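Here it is: the structure, laid out below.
Per-chain residue numbering starts at 1, and chain names A, B, C and D are given in the order in which the chains are listed.
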Amino acid sequence: MTVTIKYFGLVAEAAERFEEILELDGVLTASELKAQCLNGLAIADKESVQIAVNQNLDDKITLKDGDEVALLPPFAGG
Amino acid sequence: MTVTIKYFGLVAEAAERFEEILELDGVLTASELKAQCLNGLAIADKESVQIAVNQNLDDKITLKDGDEVALLPPFAGG
Amino acid sequence: MDKKKPKKVFVQGAIPPEKIANSVANHQSKTEIGAHSIFLGQIRADEVEGKTVTAIDYTAYEEMAENVFHEIREAAFAKFDITCAHIYHSLGRVNVGELCLFVFTSSAHRKIAIEATNFFVEEIKAKVPVFGKEIFEDETHQWKVNK
Amino acid sequence: MDKKKPKKVFVQGAIPPEKIANSVANHQSKTEIGAHSIFLGQIRADEVEGKTVTAIDYTAYEEMAENVFHEIREAAFAKFDITCAHIYHSLGRVNVGELCLFVFTSSAHRKIAIEATNFFVEEIKAKVPVFGKEIFEDETHQWKVNK
(Lines give C-alpha, C1' and ligand atoms only; values in the text may rest on other atoms or scores of the structure.)
Protein backbone atom coordinates (compact mmCIF):
# COMPACT_ATOMS: atom_id res chain seq x y z
CA MET A 1 0.00 0.00 0.00
CA THR A 2 1.01 3.59 -0.62
CA VAL A 3 0.75 6.27 2.06
CA THR A 4 1.68 9.93 1.98
CA ILE A 5 3.47 11.21 5.06
CA LYS A 6 3.52 14.89 5.94
CA TYR A 7 5.99 16.34 8.41
CA PHE A 8 5.43 19.55 10.35
CA GLY A 9 7.35 21.93 12.56
CA LEU A 10 10.15 20.40 14.59
CA VAL A 11 9.44 16.96 13.09
CA ALA A 12 9.97 18.31 9.58
CA GLU A 13 13.12 20.01 10.77
CA ALA A 14 14.51 16.83 12.35
CA ALA A 15 13.48 14.64 9.39
CA GLU A 16 14.72 17.22 6.89
CA ARG A 17 11.64 16.71 4.77
CA PHE A 18 8.06 17.99 4.51
CA GLU A 19 6.50 15.10 2.70
CA GLU A 20 7.26 11.64 1.39
CA ILE A 21 5.32 8.85 -0.25
CA LEU A 22 6.03 5.42 1.23
CA GLU A 23 5.31 1.96 -0.11
CA LEU A 24 4.43 -0.19 2.91
CA ASP A 25 3.93 -3.95 3.32
CA GLY A 26 1.72 -5.81 5.80
CA VAL A 27 -0.68 -4.59 8.47
CA LEU A 28 0.45 -1.48 10.31
CA THR A 29 -1.24 0.80 12.84
CA ALA A 30 -0.75 4.55 12.91
CA SER A 31 1.29 4.35 16.10
CA GLU A 32 3.58 1.70 14.57
CA LEU A 33 4.15 3.91 11.54
CA LYS A 34 4.82 6.88 13.82
CA ALA A 35 7.51 4.92 15.72
CA GLN A 36 9.05 3.89 12.41
CA CYS A 37 9.11 7.45 11.03
CA LEU A 38 10.52 9.01 14.20
CA ASN A 39 13.13 6.29 14.70
CA GLY A 40 16.57 7.85 14.63
CA LEU A 41 15.30 11.44 14.50
CA ALA A 42 16.74 13.94 16.97
CA ILE A 43 13.49 14.75 18.77
CA ALA A 44 13.69 15.18 22.55
CA ASP A 45 10.07 14.32 23.36
CA LYS A 46 8.69 11.81 20.85
CA GLU A 47 5.65 11.24 23.09
CA SER A 48 4.51 14.77 22.34
CA VAL A 49 4.31 14.08 18.60
CA GLN A 50 0.81 13.14 17.44
CA ILE A 51 -0.07 11.25 14.31
CA ALA A 52 -3.14 12.08 12.21
CA VAL A 53 -4.48 9.65 9.63
CA ASN A 54 -6.67 11.49 7.14
CA GLN A 55 -6.85 14.31 9.71
CA ASN A 56 -7.98 11.94 12.46
CA LEU A 57 -5.81 11.90 15.59
CA ASP A 58 -6.61 8.28 16.56
CA ASP A 59 -3.28 6.39 16.55
CA LYS A 60 -4.95 2.96 16.87
CA ILE A 61 -6.15 3.13 13.26
CA THR A 62 -4.88 0.48 10.86
CA LEU A 63 -3.44 2.07 7.75
CA LYS A 64 -4.82 1.46 4.30
CA ASP A 65 -3.79 2.27 0.77
CA GLY A 66 -3.98 5.96 -0.10
CA ASP A 67 -3.98 7.27 3.49
CA GLU A 68 -2.59 10.71 4.23
CA VAL A 69 -0.61 10.59 7.45
CA ALA A 70 0.69 13.65 9.30
CA LEU A 71 3.26 13.86 12.08
CA LEU A 72 2.30 16.75 14.30
CA PRO A 73 4.49 18.25 17.03
CA PRO A 74 2.85 20.16 19.90
CA PHE A 75 0.38 22.80 18.76
CA ALA A 76 1.35 26.44 19.12
CA GLY A 77 -1.54 28.35 17.58
CA GLY A 78 -3.01 31.53 18.99
CA MET B 1 -27.27 74.72 56.38
CA THR B 2 -27.12 74.89 52.62
CA VAL B 3 -26.99 71.75 50.46
CA THR B 4 -26.89 71.38 46.71
CA ILE B 5 -29.13 68.68 45.31
CA LYS B 6 -28.49 67.16 41.89
CA TYR B 7 -31.15 65.16 40.06
CA PHE B 8 -30.38 62.57 37.38
CA GLY B 9 -32.21 60.50 34.80
CA LEU B 10 -35.78 59.59 35.65
CA VAL B 11 -35.57 61.50 38.95
CA ALA B 12 -34.64 64.70 37.11
CA GLU B 13 -37.47 64.05 34.68
CA ALA B 14 -40.03 63.53 37.48
CA ALA B 15 -38.74 66.48 39.52
CA GLU B 16 -38.49 68.69 36.43
CA ARG B 17 -35.14 69.99 37.62
CA PHE B 18 -31.45 69.08 37.44
CA GLU B 19 -30.20 70.96 40.44
CA GLU B 20 -31.40 73.05 43.35
CA ILE B 21 -29.85 74.63 46.38
CA LEU B 22 -31.81 74.07 49.58
CA GLU B 23 -31.64 75.81 52.91
CA LEU B 24 -32.29 73.14 55.58
CA ASP B 25 -32.91 73.34 59.32
CA GLY B 26 -32.11 70.79 62.00
CA VAL B 27 -30.40 67.41 61.86
CA LEU B 28 -31.18 65.37 58.78
CA THR B 29 -29.82 62.10 57.41
CA ALA B 30 -29.34 61.44 53.73
CA SER B 31 -32.23 58.99 53.68
CA GLU B 32 -34.55 61.53 55.29
CA LEU B 33 -33.58 64.13 52.70
CA LYS B 34 -34.13 61.57 49.95
CA ALA B 35 -37.66 60.83 51.22
CA GLN B 36 -38.35 64.57 51.36
CA CYS B 37 -37.07 65.20 47.81
CA LEU B 38 -38.93 62.26 46.27
CA ASN B 39 -42.18 62.97 48.12
CA GLY B 40 -44.92 63.62 45.59
CA LEU B 41 -42.82 62.74 42.56
CA ALA B 42 -44.22 60.30 40.02
CA ILE B 43 -41.59 57.59 40.45
CA ALA B 44 -42.79 53.98 40.40
CA ASP B 45 -39.92 52.45 42.39
CA LYS B 46 -38.55 54.95 44.91
CA GLU B 47 -36.58 52.16 46.62
CA SER B 48 -34.39 51.89 43.51
CA VAL B 49 -33.27 55.52 43.83
CA GLN B 50 -29.94 55.89 45.63
CA ILE B 51 -28.64 59.01 47.36
CA ALA B 52 -25.00 60.04 47.26
CA VAL B 53 -23.60 62.60 49.67
CA ASN B 54 -20.38 64.05 48.31
CA GLN B 55 -20.25 61.01 45.97
CA ASN B 56 -20.66 58.58 48.86
CA LEU B 57 -23.61 56.17 48.59
CA ASP B 58 -24.11 55.75 52.37
CA ASP B 59 -27.65 56.98 53.14
CA LYS B 60 -27.11 56.91 56.93
CA ILE B 61 -24.86 59.98 56.74
CA THR B 62 -25.98 63.11 58.60
CA LEU B 63 -25.96 66.11 56.30
CA LYS B 64 -23.82 69.13 56.94
CA ASP B 65 -23.47 72.59 55.46
CA GLY B 66 -22.09 72.63 51.94
CA ASP B 67 -22.83 68.99 51.09
CA GLU B 68 -23.45 68.00 47.49
CA VAL B 69 -26.28 65.48 47.38
CA ALA B 70 -27.23 63.48 44.29
CA LEU B 71 -30.38 61.47 43.64
CA LEU B 72 -29.43 58.55 41.41
CA PRO B 73 -31.87 56.26 39.63
CA PRO B 74 -30.74 52.74 38.63
CA PHE B 75 -27.46 52.69 36.75
CA ALA B 76 -27.53 51.88 33.05
CA GLY B 77 -23.94 52.22 31.91
CA GLY B 78 -22.20 49.91 29.49
CA MET C 1 -8.91 58.90 46.71
CA ASP C 2 -5.71 58.47 44.77
CA LYS C 3 -3.88 61.68 43.91
CA LYS C 4 -3.26 60.66 40.30
CA LYS C 5 -5.46 62.51 37.87
CA PRO C 6 -8.24 60.18 36.70
CA LYS C 7 -8.09 59.39 32.98
CA LYS C 8 -10.90 60.78 30.89
CA VAL C 9 -13.40 58.02 30.13
CA PHE C 10 -16.40 59.82 28.67
CA VAL C 11 -16.63 60.67 24.99
CA GLN C 12 -19.42 62.61 23.32
CA GLY C 13 -21.65 60.40 21.16
CA ALA C 14 -20.80 57.02 19.69
CA ILE C 15 -17.34 55.47 19.87
CA PRO C 16 -16.02 55.09 16.30
CA PRO C 17 -14.62 51.64 15.32
CA GLU C 18 -11.37 53.35 14.25
CA LYS C 19 -10.72 54.13 17.90
CA ILE C 20 -10.30 50.41 18.50
CA ALA C 21 -7.78 50.04 15.67
CA ASN C 22 -5.86 53.06 16.95
CA SER C 23 -5.80 51.78 20.52
CA VAL C 24 -4.50 48.39 19.37
CA ALA C 25 -1.90 49.96 17.08
CA ASN C 26 -0.69 52.10 19.99
CA HIS C 27 0.18 48.94 21.93
CA GLN C 28 2.34 47.26 19.30
CA SER C 29 5.47 48.82 20.76
CA LYS C 30 4.74 47.21 24.15
CA THR C 31 6.44 43.90 23.47
CA GLU C 32 5.74 42.42 26.88
CA ILE C 33 2.09 42.10 25.84
CA GLY C 34 0.88 38.72 24.57
CA ALA C 35 -2.88 39.18 24.74
CA HIS C 36 -5.47 41.91 24.36
CA SER C 37 -9.05 41.46 25.49
CA ILE C 38 -11.67 43.87 24.22
CA PHE C 39 -15.32 44.32 25.10
CA LEU C 40 -17.63 46.53 23.08
CA GLY C 41 -21.17 47.51 24.01
CA GLN C 42 -23.40 48.19 21.02
CA ILE C 43 -26.90 49.74 21.11
CA ARG C 44 -29.46 47.05 20.44
CA ALA C 45 -32.79 47.63 18.66
CA ASP C 46 -34.79 46.16 21.54
CA GLU C 47 -38.54 45.83 21.17
CA VAL C 48 -40.74 46.96 24.07
CA GLU C 49 -44.49 46.54 23.68
CA GLY C 50 -44.31 46.81 19.90
CA LYS C 51 -41.98 49.82 19.85
CA THR C 52 -38.34 49.64 18.80
CA VAL C 53 -35.41 51.39 20.45
CA THR C 54 -33.62 53.68 17.98
CA ALA C 55 -31.06 55.28 20.30
CA ILE C 56 -29.95 55.67 23.89
CA ASP C 57 -29.28 59.10 25.31
CA TYR C 58 -26.67 58.74 28.06
CA THR C 59 -26.22 61.13 30.95
CA ALA C 60 -24.05 60.74 34.03
CA TYR C 61 -23.15 62.19 37.38
CA GLU C 62 -19.87 62.94 35.65
CA GLU C 63 -17.59 63.91 38.53
CA MET C 64 -18.59 60.86 40.55
CA ALA C 65 -18.53 58.59 37.49
CA GLU C 66 -14.98 59.60 36.56
CA ASN C 67 -13.90 58.91 40.14
CA VAL C 68 -15.62 55.52 40.18
CA PHE C 69 -14.00 54.63 36.84
CA HIS C 70 -10.68 55.56 38.40
CA GLU C 71 -11.34 53.39 41.47
CA ILE C 72 -12.28 50.46 39.25
CA ARG C 73 -9.00 50.92 37.35
CA GLU C 74 -7.01 50.97 40.60
CA ALA C 75 -8.80 47.83 41.80
CA ALA C 76 -8.18 46.09 38.48
CA PHE C 77 -4.46 46.88 38.53
CA ALA C 78 -4.24 45.62 42.12
CA LYS C 79 -6.11 42.42 41.27
CA PHE C 80 -4.77 41.51 37.82
CA ASP C 81 -1.27 41.53 36.36
CA ILE C 82 -2.25 43.70 33.41
CA THR C 83 0.03 45.95 31.39
CA CYS C 84 -2.61 48.51 30.43
CA ALA C 85 -6.31 49.17 30.63
CA HIS C 86 -8.46 51.66 28.77
CA ILE C 87 -12.15 52.43 29.13
CA TYR C 88 -14.32 54.70 27.02
CA HIS C 89 -18.02 55.33 27.58
CA SER C 90 -20.39 57.47 25.55
CA LEU C 91 -22.41 60.41 26.76
CA GLY C 92 -25.25 61.89 24.74
CA ARG C 93 -27.10 60.19 21.93
CA VAL C 94 -25.84 56.87 20.56
CA ASN C 95 -27.89 55.32 17.76
CA VAL C 96 -28.76 51.67 17.35
CA GLY C 97 -25.78 49.72 15.96
CA GLU C 98 -23.26 52.21 17.35
CA LEU C 99 -20.82 51.59 20.18
CA CYS C 100 -21.34 53.03 23.68
CA LEU C 101 -18.66 51.18 25.66
CA PHE C 102 -15.09 50.16 24.83
CA VAL C 103 -13.04 48.24 27.42
CA PHE C 104 -9.51 47.25 26.43
CA THR C 105 -7.00 45.40 28.62
CA SER C 106 -3.61 43.91 27.81
CA SER C 107 -1.41 41.39 29.58
CA ALA C 108 1.42 38.98 28.98
CA HIS C 109 -1.06 36.10 29.26
CA ARG C 110 -4.51 35.57 27.84
CA LYS C 111 -6.42 34.52 30.95
CA ILE C 112 -5.39 37.60 32.89
CA ALA C 113 -6.47 39.97 30.11
CA ILE C 114 -9.79 38.17 29.64
CA GLU C 115 -10.58 38.15 33.38
CA ALA C 116 -9.61 41.79 33.75
CA THR C 117 -11.91 42.88 30.91
CA ASN C 118 -14.71 40.89 32.49
CA PHE C 119 -14.09 42.56 35.82
CA PHE C 120 -14.19 46.01 34.24
CA VAL C 121 -17.44 45.33 32.41
CA GLU C 122 -19.23 44.00 35.50
CA GLU C 123 -17.93 46.76 37.75
CA ILE C 124 -18.88 49.48 35.27
CA LYS C 125 -22.42 48.10 34.91
CA ALA C 126 -22.85 47.87 38.69
CA LYS C 127 -21.09 50.93 40.08
CA VAL C 128 -20.89 53.83 37.67
CA PRO C 129 -23.67 56.47 37.86
CA VAL C 130 -24.59 56.52 34.18
CA PHE C 131 -28.20 56.78 33.06
CA GLY C 132 -29.69 55.75 29.74
CA LYS C 133 -32.85 57.02 28.11
CA GLU C 134 -34.00 54.50 25.50
CA ILE C 135 -35.61 56.46 22.70
CA PHE C 136 -38.24 54.78 20.51
CA GLU C 137 -39.10 55.56 16.86
CA ASP C 138 -42.04 57.71 17.93
CA GLU C 139 -39.74 59.79 20.21
CA THR C 140 -41.34 58.37 23.38
CA HIS C 141 -38.80 56.88 25.79
CA GLN C 142 -38.18 54.64 28.76
CA TRP C 143 -35.30 54.56 31.23
CA LYS C 144 -32.85 51.69 30.89
CA VAL C 145 -31.94 49.60 33.95
CA ASN C 146 -28.92 47.29 34.06
CA LYS C 147 -29.63 43.64 34.87
CA MET D 1 -17.84 16.85 8.37
CA ASP D 2 -20.33 19.57 7.60
CA LYS D 3 -20.97 20.22 3.93
CA LYS D 4 -20.78 24.01 4.33
CA LYS D 5 -17.61 25.47 2.91
CA PRO D 6 -15.29 26.30 5.81
CA LYS D 7 -14.54 30.02 6.14
CA LYS D 8 -10.98 31.04 5.43
CA VAL D 9 -9.17 31.64 8.73
CA PHE D 10 -5.52 31.91 7.75
CA VAL D 11 -3.99 35.17 6.63
CA GLN D 12 -0.42 35.68 5.43
CA GLY D 13 1.70 37.57 7.95
CA ALA D 14 0.49 39.82 10.75
CA ILE D 15 -3.15 40.83 11.20
CA PRO D 16 -3.38 44.63 10.78
CA PRO D 17 -5.26 46.58 13.51
CA GLU D 18 -7.48 48.10 10.80
CA LYS D 19 -8.98 44.65 10.26
CA ILE D 20 -10.51 44.90 13.73
CA ALA D 21 -12.06 48.29 13.02
CA ASN D 22 -13.43 47.00 9.72
CA SER D 23 -14.89 43.88 11.31
CA VAL D 24 -16.61 45.93 14.01
CA ALA D 25 -17.91 48.47 11.48
CA ASN D 26 -19.35 45.61 9.42
CA HIS D 27 -21.53 44.61 12.36
CA GLN D 28 -23.16 47.97 13.03
CA SER D 29 -26.08 47.10 10.77
CA LYS D 30 -26.84 44.02 12.88
CA THR D 31 -29.04 45.72 15.42
CA GLU D 32 -29.81 42.58 17.43
CA ILE D 33 -26.21 42.70 18.70
CA GLY D 34 -25.60 44.24 22.12
CA ALA D 35 -22.07 43.02 22.84
CA HIS D 36 -18.88 42.20 20.98
CA SER D 37 -16.04 40.30 22.60
CA ILE D 38 -12.63 40.37 20.97
CA PHE D 39 -9.43 38.52 21.74
CA LEU D 40 -6.12 39.42 20.11
CA GLY D 41 -2.90 37.45 20.34
CA GLN D 42 0.24 39.58 20.04
CA ILE D 43 3.80 38.31 19.62
CA ARG D 44 5.68 38.80 22.88
CA ALA D 45 9.42 39.52 23.14
CA ASP D 46 10.01 36.56 25.45
CA GLU D 47 13.47 36.04 26.85
CA VAL D 48 14.92 32.52 26.77
CA GLU D 49 18.38 32.03 28.24
CA GLY D 50 19.40 35.60 27.50
CA LYS D 51 18.06 35.67 23.95
CA THR D 52 14.99 37.61 22.92
CA VAL D 53 12.25 36.46 20.56
CA THR D 54 11.94 38.81 17.57
CA ALA D 55 9.29 36.97 15.55
CA ILE D 56 7.30 33.78 15.25
CA ASP D 57 7.15 31.96 11.95
CA TYR D 58 3.82 30.08 11.81
CA THR D 59 3.16 26.99 9.73
CA ALA D 60 0.15 24.70 9.79
CA TYR D 61 -1.30 21.49 8.52
CA GLU D 62 -3.60 23.80 6.63
CA GLU D 63 -6.31 21.48 5.34
CA MET D 64 -6.77 19.89 8.75
CA ALA D 65 -6.51 23.24 10.53
CA GLU D 66 -9.22 24.83 8.41
CA ASN D 67 -11.47 21.85 9.13
CA VAL D 68 -10.78 22.03 12.86
CA PHE D 69 -11.50 25.78 12.85
CA HIS D 70 -14.77 24.95 11.14
CA GLU D 71 -15.66 22.29 13.73
CA ILE D 72 -14.88 24.72 16.55
CA ARG D 73 -17.21 27.27 14.91
CA GLU D 74 -19.99 24.69 14.62
CA ALA D 75 -19.52 23.69 18.26
CA ALA D 76 -19.55 27.33 19.37
CA PHE D 77 -22.77 28.09 17.49
CA ALA D 78 -24.38 24.98 19.02
CA LYS D 79 -23.22 25.92 22.52
CA PHE D 80 -23.66 29.70 22.62
CA ASP D 81 -26.43 31.98 21.37
CA ILE D 82 -24.08 34.12 19.30
CA THR D 83 -24.99 36.19 16.26
CA CYS D 84 -21.63 35.94 14.52
CA ALA D 85 -18.11 34.68 15.04
CA HIS D 86 -14.94 35.40 13.12
CA ILE D 87 -11.46 33.97 13.54
CA TYR D 88 -8.24 34.99 11.81
CA HIS D 89 -4.85 33.39 12.39
CA SER D 90 -1.51 34.30 10.85
CA LEU D 91 0.73 32.07 8.79
CA GLY D 92 4.34 32.96 8.03
CA ARG D 93 6.42 35.49 9.89
CA VAL D 94 4.83 37.75 12.50
CA ASN D 95 7.15 40.16 14.29
CA VAL D 96 7.13 41.02 17.97
CA GLY D 97 4.32 43.48 18.75
CA GLU D 98 2.23 42.34 15.79
CA LEU D 99 -1.03 40.40 15.95
CA CYS D 100 -1.23 36.67 15.12
CA LEU D 101 -4.77 35.82 16.30
CA PHE D 102 -8.06 37.72 16.10
CA VAL D 103 -11.21 36.17 17.59
CA PHE D 104 -14.42 38.19 17.37
CA THR D 105 -17.84 37.11 18.60
CA SER D 106 -21.10 39.02 18.90
CA SER D 107 -24.29 38.39 20.82
CA ALA D 108 -27.35 40.14 22.18
CA HIS D 109 -25.89 39.79 25.69
CA ARG D 110 -22.43 40.34 27.07
CA LYS D 111 -21.90 37.11 28.98
CA ILE D 112 -22.62 34.96 25.96
CA ALA D 113 -20.18 36.86 23.74
CA ILE D 114 -17.45 36.79 26.39
CA GLU D 115 -17.87 33.06 27.05
CA ALA D 116 -17.92 32.27 23.35
CA THR D 117 -14.67 34.16 22.71
CA ASN D 118 -13.09 32.32 25.60
CA PHE D 119 -14.23 29.01 24.20
CA PHE D 120 -12.77 29.83 20.78
CA VAL D 121 -9.40 30.85 22.20
CA GLU D 122 -9.03 27.73 24.35
CA GLU D 123 -10.19 25.40 21.58
CA ILE D 124 -7.87 26.99 19.02
CA LYS D 125 -4.87 26.69 21.34
CA ALA D 126 -5.66 23.04 22.11
CA LYS D 127 -6.91 21.59 18.85
CA VAL D 128 -5.61 23.38 15.77
CA PRO D 129 -2.45 21.99 14.14
CA VAL D 130 -0.49 25.23 13.97
CA PHE D 131 3.24 25.32 14.68
CA GLY D 132 5.33 28.27 15.73
CA LYS D 133 9.05 28.78 15.29
CA GLU D 134 10.24 31.45 17.75
CA ILE D 135 13.06 33.30 16.06
CA PHE D 136 15.70 35.04 18.21
CA GLU D 137 17.77 38.12 17.31
CA ASP D 138 20.71 35.94 16.27
CA GLU D 139 18.46 33.98 13.87
CA THR D 140 18.59 30.85 16.06
CA HIS D 141 15.18 29.50 16.97
CA GLN D 142 13.12 27.27 19.23
CA TRP D 143 9.73 25.67 18.73
CA LYS D 144 6.84 27.16 20.67
CA VAL D 145 4.56 24.89 22.71
CA ASN D 146 1.13 25.99 23.98
CA LYS D 147 0.57 25.75 27.71
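Here, a contact is a pair of C-beta atoms (placed from the backbone, for glycine too) under 8 Å apart; a residue touches a chain by one contact, two chains touch by 3 or more.
Nothing here was measured: the structure is a model prediction, and the numbers come from that model.
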item: Set of chains adjacent to chain A and to chain D; value: none
item: Chain whose average C-alpha position is farthest from chain D's own; value: B
item: Whole-Å separation of chain centres (CA-atom averages), chain C against chain D; value: 23
item: Chain centre separation (chain B, chain D; CA means) in Å; value: 49
item: Computed distance of Cα centres, chain B from chain A, in Å; value: 72
item: Chain B, residues touching no fewer than two other chains; value: 78
item: Of all residues in chain D, the ones touching two or more other chains; value: 41, 110, 121
item: Pairwise chain contacts, counting only pairs that touch as defined; value: A-D, B-C, C-D
item: List of chain A residues in touch with chain D within their complex; value: 6, 8-10, 13, 48, 52, 55, 70, 72-78
item: Touching residues (chain side chain D, partner chain C) in the complex; value: 17-18, 20-22, 24-25, 27-45, 96-99, 106, 108, 110, 113-114, 117-118, 121
item: Chain C to chain B touching residues, read off their complex; value: 41, 56, 58-61, 63-65, 67, 89, 100-101, 121, 124-133, 143-146
